[in-house]
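Right after this note come the structures.
Next come two complexes, and both contain chain A; in the first it sits with chain B, in the second with chain C.
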Partner chain A sequence: MSTPMDTSSLPIKNKSNQLTSTLTTDYIVGSDLISIEGYRQDGRKPNELRHFRVSFNVVPDADGSCYMEHGNCKLLATIYGPYEGESRSNQEQAIITCDFSMTSYCVSERRLRTFGDMKSQRLQMAIQRVFQQAIITETYPKSQIDIYLKILQSDGNDYSPCVNATTLAFINAGIPMKDFVCSSTVGYIQNKCIIDLNQQEEQQKSPQLTLTIMPQRDDIVALTCESRVHHDIYNEMLDAATRANLQLFDLMKQAVINQLKTVLHVL
Partner chain B sequence: MLNISGCRSLRIFGRHRRQYTKQIARSLNYILNNPKCFDLTQLCVVKGHHCWLVHVDISVLRYEGNLHDACSFAMKAALSETKVPALKVTHDEETNEVSVDVCDDPYEYGVLDVSNLPVLITVGQISGVHTVDTTIKEDSVTLARITYGIKPSGSIVYMNKDGGGSLDLLNIRSMAKIASDSGPQMNELLIKKIQLSKEKQASWGHASERLLFDNDNFV
Partner chain C sequence: MKELICSTIERNVVLKCIRDHKRLDLRTIDETRSINIEFRAHPGYVSVTLGQTHVIAQASCRITKPKESRASEGHIRIHLDMSKIPLINLENWKHQEFVQELNGILEQNIRHSNCLDLESLCINSGELVWSIKIDLIVLNNCGNILDCANIATLCSLYHFRLPEVSVHGSEIRVYSSTERRARPLRILHFPINVLFAFFIDGHYTLIDPNSDEERLMDGFFSISMNQHKEICGIHMGGKLGLKKEQVELCKKLAFKKVLELTDRIRQVVTDYYKTIEPITHAQPSIIRIDNDEDEDDDSSSSSESEDPVLIKPEIPLSPIENNVSLLLMPDLDNLSLTDDVSTMIATNVDKLTSDLENDDEHDNE
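For the complex of A and B:
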């Protein structure tokens, strides 16, 4: 007698739980990020990059250096090399090493462990692998090239600005590369793809994708997606990321051309 | 705390580099915690209950010699510009509790008084000649150097000898004289530059739109 009543009441309870829990969390999370007019929290449109500014030759005794401000993310990339490697070094190619460090004041809470932790080591290895592919290492056998990255102010994702700054520093150093390497992130919130996420947008539980490409060669160097995404949305995000990277490539190329113009006028 | 990771012109690596940074941090620490140089009571909020904790983090972007002095100049300049947020202190009579709230207005702040803070001057000896403010090449051949902490009035508050070379008493006396002459000069220069830099900044609105290493930012 009592059991049929129990089983009929259970599914109703489950249904109401599902409805209330997903709807409310969706609205709490999503409505803060894109307003009704279509602008994000920091005033950008969904397909707009953050303010991008570059300055070259910042550390004159390095072979190449680049100071980059990508929105709130400020970082310094310096290149030393190519110089004579150790005796056990590769006989046909150059070795590329990467050293990544943050300052204590780069995030809002003072950070004591500035180098050597898991995130830094992963980023070092990732950047080293990316540039081992991108640089024509056969021109410098038995030598070593060092990349030093220092984050002065961090705004969420460090990997993309680091890759972009390192590309520009390599161009400043005059080391031959197969192509520019551009990287940017893309997210999917409220049925729209938004590019170039800042820290607030990254902390949401929405799908994210980081794409590193060589724009002129149309090659994907690295692609990271650690969220569960439907494959239609995935294709859309991939397209949006490619467009973002092409925008970034235009900005980077313009910066390099401006630098060349100022240097040649001085000469 | 001093961070020199990423500076390759400093030709010491690994454990020795950490010791070197700790040495500089220790001397700056001594200067800051000395009641005659820095008035620690201005950091007090409620006597016996709350006080401000100040962390000084220095990141070296490029090393060209004379790191001791440069760090002390940077520390003094940064401390003179530090904004201490205004606080609301409420004292509950019944429970004898003191609660401190930070004001929301970002333009209400107090400044620290660093007029008495000493500045480090390093005097080195290279084959009988005393040098001040050495470059990287001069640093590598200096066998003995003394770092003096000198107040704006010219009096010496801190002295530390570094390096494997030996110095006799006559040398030490003349080095002390050189340091106490150049100390007040550097102090005045530093204060003048801080003043100029403050005038260049906008007093309201956002910070300047220029990049960090732009020549216009420097004074």
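For the complex of A and C:
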């Protein structure tokens, strides 16, 4: 007699169980980074960027600064310069140095070594190289420009948000550049290209590509692909990355225009 | 890689040549320098010269505990050691950066592309795994250390032999190469690196720059592919702004080089092992009986060179051995590769009179 009662209550239970069970298995197994409906773990579609927010002039003492939130990645980029370089500095061009550090609380486990390790050094070199190319260094001979980057909260790839934040900080500092520099990552999971990877998606062993371009000049400034990718998939990923960068460029340009509007009260 | 002091005349000459699509050493734009690969008896040692650039690689193995997150995978590490000698003109800190960058590219190339099957390095899951380390030493730098070091790494990995191991409960026993033949590493594919140098605002490209060209390049673009047309890694450096079409072109050129080099590496290593194996390892190989005085017999020596694996080279069998082998393994004449089996039997019987045998061979061939 109790069974009819149970069976009548069962369908309702089943429904909720089904819903919750698919969600929990997705989360536990972790292999379904793109759910059946086409959404990623954080609710984005494969071609959507993370939430992007920028504010300028955060460090009043610096010549240019930018605080950027790109999804869960929060960082601060500060520019000092151009100022008189050291005696060994280049006579014809400005030297750009980059200093990258993280805070101990930026990742979920407390990080003891916040600067000077391999990853930081590589990032420093990469950013220095990118901006040596992007800044019109001939306008400041014998001088030096310092970039200071601080990660307050890290969510996977630090390189792309750093490049974007540095671009905006340079614009805030008024240093002439050839073009914006935008960077984003692209992954290939479950036969789809997904852009702007967060940490969970990046930790998968799937193919990934980081593309840094100057969008208006259509120049590829840096391209790193560190996993094994077939030729055709690579082309697809490159296209997706270019589109992602153009989206980012629009967001960045809008942020700069808004900043100008508030500062100059231009309608 | 840049910022080396270069005289104005040198710079002008090299750039002028590049504008005319020529190079000082008479190569074409997409021609690499000649590659010379040499091995020594010790497995895993290889010396590669790319033109004048000379890199040595040595692979070594060690048994260690695996990482907790990857309990059944071995480790691989690549260490590029470049003392100051090959690069005199770079300042201290730049030299360090340069070495680190190269090291990073090489390591990512091998690790992230999964060219080596790490699970095959496992001895006891969770407790003991093999850890392979490749040490690279640059002896001479005449441009393009990256490609040279990469080839050296791959050759070294392919050449290296891992000792046999047997597990008895909690003990393991490692056999030396005389007890049990060491086995090769499981390499799934060869990610070969090709370096492109860009000049004059990225308008002109060269493959495999030598030291002059490397000093004057704007930046480099290194692409690593394997023969299945999979891209295993891309790295850009220097002051470069590239267009998509240039990247495409580089990929196409790189792929051609990759095919050639993959065949070459495979060929070189297998050739090396074919020549040394009959001597070094203890198991008997299949031998042809009619093998003694062959210097004066051109026809038989030429037929010998067709199947080197089956023939024991230049170790003369004593007559006693010959007799013994005949007695114990009478079926060996069936394994010989000459057409006339009946005449072979006749010649084998007359083994002790080796002159007669040679005459017979002369008659038959």
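Throughout what follows, the second predicted complex is superposed on the first by the 234 of 267 C-alpha atoms of A that agree within 3 Å, B and C clash if a C-alpha of one lies under 4 Å from a C-alpha of the other, contacts with A are read in each partner's own complex, and residues count from 1 in each chain.
Basically, contacts are C-beta pairs under 8 Å (C-beta built on N, C-alpha and C of every residue); 3 or more make two chains touch, one makes a residue touch a chain.
The structure presented is a predicted model; accordingly, all values stated were derived computationally and were not measured.
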- Message: Quick check for you: in the superposed arrangement, does A:214 touch first (chain B), second (chain C), both or neither?
- Response: second
- With the two complexes superposed on chain A, say which partner A:225 touches: chain B (first), chain C (second), both, or neither. second
- Message: Which partner chains sit in contact with A:150 here, chain B, chain C, both or neither? Use first/second/both/neither.
- Response: first
- Message: In the overlaid three-chain picture, which partner chain does A:92 touch, first (chain B) or second (chain C), both, or neither?
- Response: neither
- Between chain B (first) and chain C (second), which, if any, makes contact with A:37: first, second, both or neither? neither
- Task: State whether A:109 touches chain B only (first), chain C only (second), both chains, or neither.
- Result: neither
- Message: For the complex, give me every residue of chain B touching chain A.
- Response: 1, 3, 5-6, 8-9, 55, 57, 59, 61-62, 64, 211-214
- Can you check the complex and tell me which residues of chain A touch chain C? 118, 121-122, 125, 129, 132-133, 214, 217-231, 234, 238, 242
- Can you list the residues on chain C that touch chain A in the complex? 97, 100-101, 104, 108, 112-114, 191, 219, 226, 228-244, 247, 251
- Message: For the complex, give me every residue of chain A touching chain B.
- Response: 53, 55, 58-59, 61-62, 67, 69, 74, 76, 78, 80, 99, 101, 103-105, 110, 114-115, 146, 148-150, 152
